[in-house]
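All remarks here apply to the structure that follows.
As written, the chain order gives the labels A, B, C and D, with residue 1 at the start of each chain.
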């Protein structure tokens, strides 16, 4: 078993954990963390395939895409945090309470 | 195996010993302050030994400077956070007793 | 020689895994913080060992980045406690 | 033998991700999330993606970490999830309600398991395409830099990087809109502590120098604009926390100029060369290296300013409703 295979399997598991967390966890911050974990899974898949396709060096295009992706994840994560905190300030809610 | 490699291996093993000591301390010590003690002293010493071993192994002056700075910054950050954690805990413990086991 | 590096890095990773117990058990918030400190230091050591093992000096830059930014977390933490204390809500 | 490291690292990453979502308390899950970032960075080191590892280190250990810590100030400490559940169970006195409570949960679990299986299968079966390594390698001499990732980021796929700066700015604007544009007041919590003040004083030049080093080394090795930007942004955050809010001290138009500088110069340069007959973001080969360095520097300053502004804005958020209440 190659190293990249381990990591690509891990990436699928991480993505599943993230998607489960987005749906199952209630608190805003946990939902945000879950989306970031999901993103981490996707990036791991990209980088592991870059390692598979390596010649003299690992495939640079996925690496560049992943760096860009991390930046976008940061921007969206920061925005999500701002939204969550704003909702908490205005309503005192820490999660979506649809049941009530 | 040259003499340098032997020294590297010895330094790495000593470092590992201190890391193990630190982790055991964190797991087994009874209260927070002794755990802090175990962590911030033993682990940083272990990191120092490992850093010395790796600097010897890599054997490039520029890398050695970098490794020294890694160790130095870790010392700074961990001592600062140790101070903060200890002070936080002390301030919390002062007003009333029996707060330690709050879950 | 390589075997030594691999064993050492596995040992250090196992150390991190052991430290997770403390995050789980607590009992106080401070214990959990302290364990993240453990992760940081041990992770640094793993990075150093890997740098020697792979002969990849750029890994040292990764370690320095971690290190330099650790201070940001420390100060952020301090602010959290201060605000919490002002609100007399001492349980993070 | 070294496969053991990978296996252990993978298990650690999965475990940390799982625990950070299952942990009963907010602080726990945030700290476990930092540890997850560390594990991911180590995984990237193992996969040979040092650039990504530096970026992850800068993000997980630095920026996102500090944002999450800052968010911890707002939310109440004991996470209410467990609490809510027990309440829900208690309140649903009849069995029927519990059943309706369990059924979606079961369906969710099964669905998630299926999804996991499908994605594992899909990942396992991805065909070996060969990737773009050969193409990148053959074009590398024309890009003006020696490091392939930097070449892709700033030359071959420069529009990605350009839009990346745009996305950060967009995030900043969205945060402005969410929280209202504020004048940055002086937070003096950290500044009062003498030790922390010294630490800030010591680390500010270190951060600047190391950021500049990463920016310059990006030409020939792992490093580059974004990593440098996070480090420089950390300077802004430290100054902000140390009672010297950068954006409050400079004139407003200067701040705005700094924010759009990277985006603007990038685009301007693209258009200038386009008027000379090149495609968008195609540099003349002779100056490509220098131009890339200039673009990177300006982009790094812009991103750093944007990150500082994001943090400063989020850091102020708590204070606003109090003023509203007193005004009412």
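General remarks:
In this text, a contact is a pair of C-beta atoms (placed from the backbone, for glycine too) under 8 Å apart; a residue touches a chain by one contact, two chains touch by 3 or more.
Please read these numbers as outputs of a predicted model, since none were measured by experiment.
Between subunit A and subunit C, the least number of touching-chain steps is 2. Each of A-D and C-D has its own count of C-beta contacts, and the greater count is at A-D.
Distance between subunit A and subunit B, defined via averaged C-alpha coordinates, is recorded as 31 Å.
Each chain gets a centre from the mean of its Cα atoms; for subunit A and subunit D, those two points are 11 Å apart. For the pair subunit C and subunit D, the distance between C-alpha centroids works out to 19 Å.
Mean C-alpha position of subunit B lies 28 Å from that of subunit D. In subunit A, no position touches at least two other chains. Contact of a single residue of subunit D with at least two other chains is seen at positions 2, 26, 46, 76, 196, 199, 206, 318.
For subunit B, residues touching at least two other chains, in rising order: 73, 76, 80.
Looking at which chains touch one another, you get A-D, B-C, B-D, C-D.
Of all residues in subunit A, those touching subunit D in their complex are 1, 3-21, 23-30, 33-34, 36-37, 40, 43-45, 47-68, 70-72, 74-79, 81-86, 88-90, 94-95, 99. Interface residues of subunit B, counted against subunit D in their complex, comprise 73, 76, 80, 83. Across the interface of their complex, subunit C is touched by residues 1-2, 4-5, 8-9, 12, 15-16, 19, 26-28, 31-32, 34-35, 38, 41-42, 45-46, 50, 53-54, 57-58, 61-62, 65-66, 69-70, 72-73, 76-78, 187, 189-190, 193, 196, 199-200, 203, 206-207, 210, 214, 217, 221-223, 227, 230-231, 234, 237-238, 241, 318 of subunit D. Listing the residues of subunit C that touch subunit B in their complex gives 1, 4-5, 8, 11-12, 15, 18-19, 21-22, 26-28, 30-31, 33-35, 37-38, 40-42, 44-45, 48-49, 51-52, 55, 57, 60-61, 63-64, 67-68, 70-71, 74, 77-78, 81, 85, 90-91.
In the complex of the two chains, the subunit D residues touching subunit A come out as 2-3, 6-7, 10, 13-14, 17-18, 20-21, 26, 29-30, 33, 36, 40, 43-44, 46-49, 51-52, 55-56, 59, 63-64, 67-68, 71, 74-76, 79-81, 84, 88, 108, 112, 115-116, 119-120, 122-124, 126, 128-134, 136-137, 148-149, 151-153, 156-157, 160-161, 164, 167-168, 170-172, 174-175, 178-179, 224, 226, 303, 310, 313-314, 317-318, 320-321.
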